[in-house]
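In the two complexes below, subunit A is the common chain; its partner is subunit B in one and subunit C in the other.
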Partner chain A sequence: MEKAVKTDFFSMDRRTFLKVVGAIGASAFLGLHQTEITKALELSKTKIIWLHGAECTGCSESFVDASNPDIVQALNKLSVEIVYHETLLAHQGIFVDGSPANTSELNSEMLLDEAIEEGGYVLVVEGSIPNGPEGSGKYLMIGERTFKEIFEKAAKNANFIVAVGACAAYGGITCGDSDIVDLTDFRGVAFQKEDKNKGMLTVLNIDKPVINIAGCPAHPDWVMLTLAAAILGKIDVNNLDGVVDQYNRPLVFFPANSTMHDNCPRRGYYDTGRLDTELAGPGCLLKVGCKGPYTRSDCGLRKWNGGVSMCTQAGSPCISCCEPGFPDSASPFYQMAEDQPLMASVSAGTIAKVGAGVAVLGVAAHAARRIVFNNEDEKQE
Partner chain B sequence: MTRVVVDPLTRIEGHLRVSTEVDENGVITEAKSSGTLFRGLERILLNRDPRDAARYTQRVCGVCPTGHALASANALDDLFGVAEQIPKDALVTRNIIAGLNMAASHATHIYVLWMPDIVNPAYRDALVTVGDTGNAIWNELLGRFAPISYKLNGTAITPGTAYINAIKEKKRIEEAMALIAGKMPHQMSTVVGGVTYPPTVADIGKLSSYYLQVMDFINGSTLGVDTTTWLNNTFRASSPQNAVKFLQEHLQGLVDKSLTTNDFSHAAGWGDVEMLAAFGSELVGEKLLGLPVSFKLDKVGGYSKESNVGYLSFGAFYDVENGEGYDPLTFGEKSFIKSAYINSAGEKQSFDQSKITEETSHGFYDGEGNLHPLEGITDPVKTAAEIDYTGDSTSKYTWFKAPRYDGIPCETGPISRMMAIDEPLTTGLMNALSENGYSPVNVFTRMVARAQELLILTEQLLKWVTVDLDPNGKFYVHTDLSMAKDSEGVGLWEAPRGALGHWVKTGSDSKITNYQMIIPTTWNLSPRDASGVPGPMEQCLVGTKISAIDNLLKVDYANPTGIFHTGRSFDPCLACAVHTIDLTKKNKPQTYTIV
Partner chain C sequence: MANKGRHAERHSFMERMAHLTHLISLFILLITGFKIYFGWGFMTYHTALYFHMRFAVMFIVANWIMIPYNIATTELPHCEMCKTGKHSALKHKVSGIFNRFIFGPADAKKSWQIMLNYVGKADYPAITVYDVKNKGYVEKLHPATKFLLPIEGLAVFLIVVTGIVIYSLQWSILGLPISQWLLAVADIIAPIFNMGGIPFMRTIHLLMAYFFVIEVIIHVGIIEFDPKVWKYHKAVFLTGEEDLNDSNYVKLINAEKER
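And then the complex of A and B:
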């Protein structure tokens, strides 16, 4: 316990992190480290340009709900300055007879250009980046430019990029399988679904460090703590080996060797074989479609919205929103894994053996995890 | 003519472009509304398990996800044939979740998205002309409503107290939602058949505690009087005239005191709503109260006599007094917020969804027709050259379709809902404005309606939590996928920003064969239709002065507050509003019988 208090959690490996968190409880852990986190933000003088692509603003909403630290502490009392954010700032784009008008105190287009040209900022991207139609990117235009063009300009001059949420990281819902998916051609910053050769940075031939904060939406702690760690130099954005996984997710939040299932509030029901077959019950949700065993996230420990609850605690199967294949990898959401190919076409048939007893359950879940997570992860164990 | 374009119109959800032509007197003569993002989410729903729709459709919008979850759950209840059996306590829980989301969304809109407009430098410049009183008012407004990262003449402005505190309350409300729905945004609880989580006795205690904390903010910041007193004299006033009379007398007391002291603080009784009510309106502020200045928001974003517009509410919040079940098509007749269509003359008619049509003559879609939304195919332009926002009003200029009710463009949102329930304060103010030659619907009344709805909801939420919710009740009724075979469902609800409809149809394998959403912002920000009739926002921009306070100081094309205020007063949600496409035409046009 004492050791945990003094440990610099940003430098912990994920195993130690989980051990520590497991030992003292997630909220106690965050409470213990809040001073350090707050200090991290206090010490820095950091500009953030926050761009909105093809998005629903859910990640901004989530960010505004942050508690560790909260947004007021981070943005106003501390020295983190959001220099551009379409939903929050007073500014807007103003054009008179085709030319940008007024000054950057009121005109967001001028503000954005000035901030980009000044450089020295962290670029946060929310939402995916349309490449269609015909590679033009015109399925999203802002201020008479394509978003693709704005992203290109902002990415080139950024210190590093944080892709916030499933859409910015992997395309998310905008890359959900459909017969128009090739036409719209939405891209994550550095990935399209699991494919790291199809991110928008590759299209634009830009090489920048990218940290992906998965989730639909991204948990505000994940965003705040990642920004704090990077800003403070606790992690070297130019050498993210051992800090992020193969999908650029911070291992501390998306641990390679552990799934949401391991720390699920309903785990006890799973261990004793109480598997609900209908929603609105108290038991384990595996049989009603829970994808917790296939989802790398610390939701079970951290929980959501000030730590009051989380999906499975509220009786909902996990829909695996932290995996790069979301939503397709977890669909159908309310159907047990055995019935459907899961996680990038890997059939998780092993999970079908659950229900016979604790030992079998444990083996099955572990086996499923081995099938789902690729060999690289196994080597890291 | 001067061409003034606001792009992006920020502090909304999504990406909006507003193009206007402004004459030499600073009056807008023509307006075009353009949604500039296309995502195509409805298309993504095809061939999926329909139960997933209540999760997928929340991703349409992270600000009002619960509106979509409820509309979707209603459509699925209908699709699975269980709407009549949804347990009463599941309905109560859905009401609480949706009510909390609406409250959080309204608080966010009022404080974070809209009120920063009031600290536009144009108002500083106007207020200093009124001497010490003007300066006092400006300082009070700036101290309350300045947003983050705001600078004036190079000086960084501290974010306003009301702004900052509202963010904390918005967070608290979402915490309350997460307590019974897992997380926010994109809550997990509302599913076909009911909800996934039965709130416990402990949860009810915690929800009540959240309620008291939120009410501390409302009683200490939003209102200058106790909320119950306010609602007794407005929402429960014996007539619209009496509601306005109460408001006038209440404000007159504040004005008489403060004009001599120049103290417009909370301590002097000036809640945020009182500030808006007194200074927002020329009629209330200057003509009734005798203030030396007002922002004249009642002259911004209103309709002219020539306008062609109606008002629409689909209804929201199940009637839980009468036990389990509801009828997805007629529940708005009994729901807490009623369904209604109100014509431009203010006459209320019963709502009939079969009168809804949509067409795409000015959207970036191929094909024509004025069809019920479920009959048409929307086929987007596929080349970059066709996506051009700079054409004239005969061109294609948006990703929105043009929905019409009985051929009429409709405004939807809190103002339409307050009309649908005959809310005395809102309708009283509208009557007074109308009698004095103003448009009854304008930026001022839209904001009053939103604030009033927020206050009404807080009271109703407490009732649902402490009176109606039985933690020992039933929360879910059995469903399985086979019940959705060859079926269809209609889901109507009110999102915070207006009327929201979902329609779903399934095939023999129970998978989705068509899913359509008609979204509040699509109504409000609709483009012109084939006959050239502009959408509601386009109509009410025309005639609006481009600059602050009726162009009081000057015509300033470079600070077009008339566009900012009008656009934002609709609380637009662009991600919601843009419809999907069907590129491959795999799905032929289908005719749906809406029972």
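And then the complex of A and C:
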């Protein structure tokens, strides 16, 4: 009976909550406590504003594909009100002479403004925020406004912010190395790649708690559980010590003490030294560029598509999409990290080969000379 | 410092032990490490890891305990001025150690002489210098060894700290989160190389392993291809003694006084 009380969703303390979620996985947790969470969320009446920046909507698609509870359950049963979500909204902005027209019933631009004015919502950001050109943010216009401006307004009035996906969290693909990367100047909400001083919040001088749900896309469990935990007060968003890592990722999903590789379904092949050198084999994918050993995520335990499969299980090397340096830090995707060029296109292996070659030549020359001298000495004697 | 006839102890017992410990642990670490990295099939990952971790401890003991102890206690030629207090014995000891283990101008000169020797323009310089009157070595090491020593020290440091992170992302001692600190440093440096902290640590670990392979090639190669290799083997593994009569290898100073 004691145990039953302790595992009750409502009486669970933060530590137990996180432990249980980590141990059994979000899907199982949500499955076990679906009714309670639904009830709790019904009581909470929390509003969510979900903004889309520079992104592919993959994270929304991932979220929509969630199961147990799925998105339909989430929208129909949970009274967490998604006030604004561009992909899911039925209507869009109506402009007359460059100004939003009509009312918020028919004009989502006005709906968004009204929701922001009311405040007291959770801001979910999907996609990065362009700061370019020259800090204007004009590389992403929604209606007549820059996304940077919309984000600024929404961020100021939000209770806290959840950055969903690699782009919103760290810039992701939009921050990938290119000729125009400085010009477009995409930023994550609180980070730009690994740099926490270059997030858009810093640019705008806004101080708000941010939780980063990494991934390309973000796992629906990660998003759902984080929102549920934060809204229900299972985690204190104003004191995230011990809940998130240095990149603001929830430790329960992105553990600091292990990597994806530790729980990879192909791990047994690594242990027995069966490392594939070509794709489509059954072995460990390390040599074909798998970044599992460098990636902090629970993909190997949680898996994707309703817990059925995951990247490496389906034959694709892990591309380390949960790490803040993604995609540059994981590129080329099909090359082992240790084989990547360190400087001037020279890899560790090449340095070793050249070094060993020079050493062997030097030693051979030294040896030849010593042997010749020895023979000459013997002749003289 | 024993001087039995024309022999002198070049390598003390502790120096020989440190050398042997370093040698054994390094070979096991390289073999098991490359097995883990390349996936060689001659042993399982777990067996390789088991040996790798145990010999890593042995490697640390050799490099961070035995060798520093040997350096600090290395015997220098007797000095009358130290005995009489005419100059600081500590200062004399420190400068003696510095000269013995750090590559200096005299070593650069020797290196140049070795290069000239390749083209037949000079004699091969004596590697060691023995002070007969004061019964002690002034120089013990080949200039190439002295050149490699600080680099090797750095390599040992790097391979150990990166190894800690690879071993456990959460390794701590006395409550100090060492791995986390190391990763925090790596996370600052790694983006310069377009890498994350963990792959950066693994790459450095691999690079240092390659360094030790190259170092072994140089160190062992220079010695093993020498016509008088047995002398070295005997000295460094068994007796520790060097033949002072062999003028090709040892230069005697203050010898007149002895006679």
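What we mean here is this: the second predicted complex is superposed on the first by the 296 of 381 C-alpha atoms of A that agree within 3 Å, B and C clash if a C-alpha of one lies under 4 Å from a C-alpha of the other, contacts with A are read in each partner's own complex, and residues count from 1 in each chain.
The rule is short, and it goes like this: contacts are C-beta pairs under 8 Å (C-beta built on N, C-alpha and C of every residue); 3 or more make two chains touch, one makes a residue touch a chain.
No experiment lies behind these values; they were computed from the predicted model shown.
In the superposed model, A:142 makes contact with subunit B only, not with subunit C. Within the superposed three-chain model, A:256 lies in touch with subunit C and out of touch with subunit B [touch as defined at top]. Of the two partner chains placed by the overlay, neither subunit B nor subunit C lies in contact with A:204. Of the two partner chains placed around the shared chain by superposition, subunit B and subunit C are both touched by A:177.
Comparing subunit B with subunit C, the partner in contact with more residues of subunit A is B.
Contacts of A:232 after superposition on the shared chain: neither subunit B nor subunit C is touched. In the superposed model, A:331 lies in contact with both subunit B and subunit C.
Shared contact residues on subunit A (touching subunit B in one structure, subunit C in the other): 177, 331. In the complex of the two chains, the subunit B residues touching subunit A come out as 2-15, 17, 36-41, 43-44, 46, 48-49, 51-52, 55-56, 59-63, 65, 108, 112-113, 116, 119-121, 146-154, 158-159, 164, 167-168, 170-171, 174-175, 177-186, 188-189, 191, 193-198, 380-384, 387, 389, 475-476, 478, 481, 557-560, 564, 575, 581-584, 586.
Remark: subunit C residues 35, 37-41, 44-46, 117-118, 124, 168-170, 180, 184, 187, 190-191, 193-196, 198-199, 202-203, 206-207, 210-211, 213-214, 217-218, 221-222, 225-228, 248 touch subunit A in the complex. Contacts from subunit A toward subunit C in the complex involve residues 177, 193-195, 246, 256-259, 270-275, 284, 286-287, 291, 293-294, 296, 320, 323-325, 328-331, 337-338, 340, 342-343, 348, 351-352, 355-356, 359-360, 362-367, 369-371, 373-374, 377. Remark: subunit A residues 52, 54-62, 64-65, 67, 70-72, 75-76, 81-83, 85-98, 101-102, 105-106, 108, 130, 133-134, 136, 138-144, 172-174, 176-181, 183-184, 186, 216-217, 278-280, 304-306, 308-316, 319, 321, 327, 331-335 touch subunit B in the complex.
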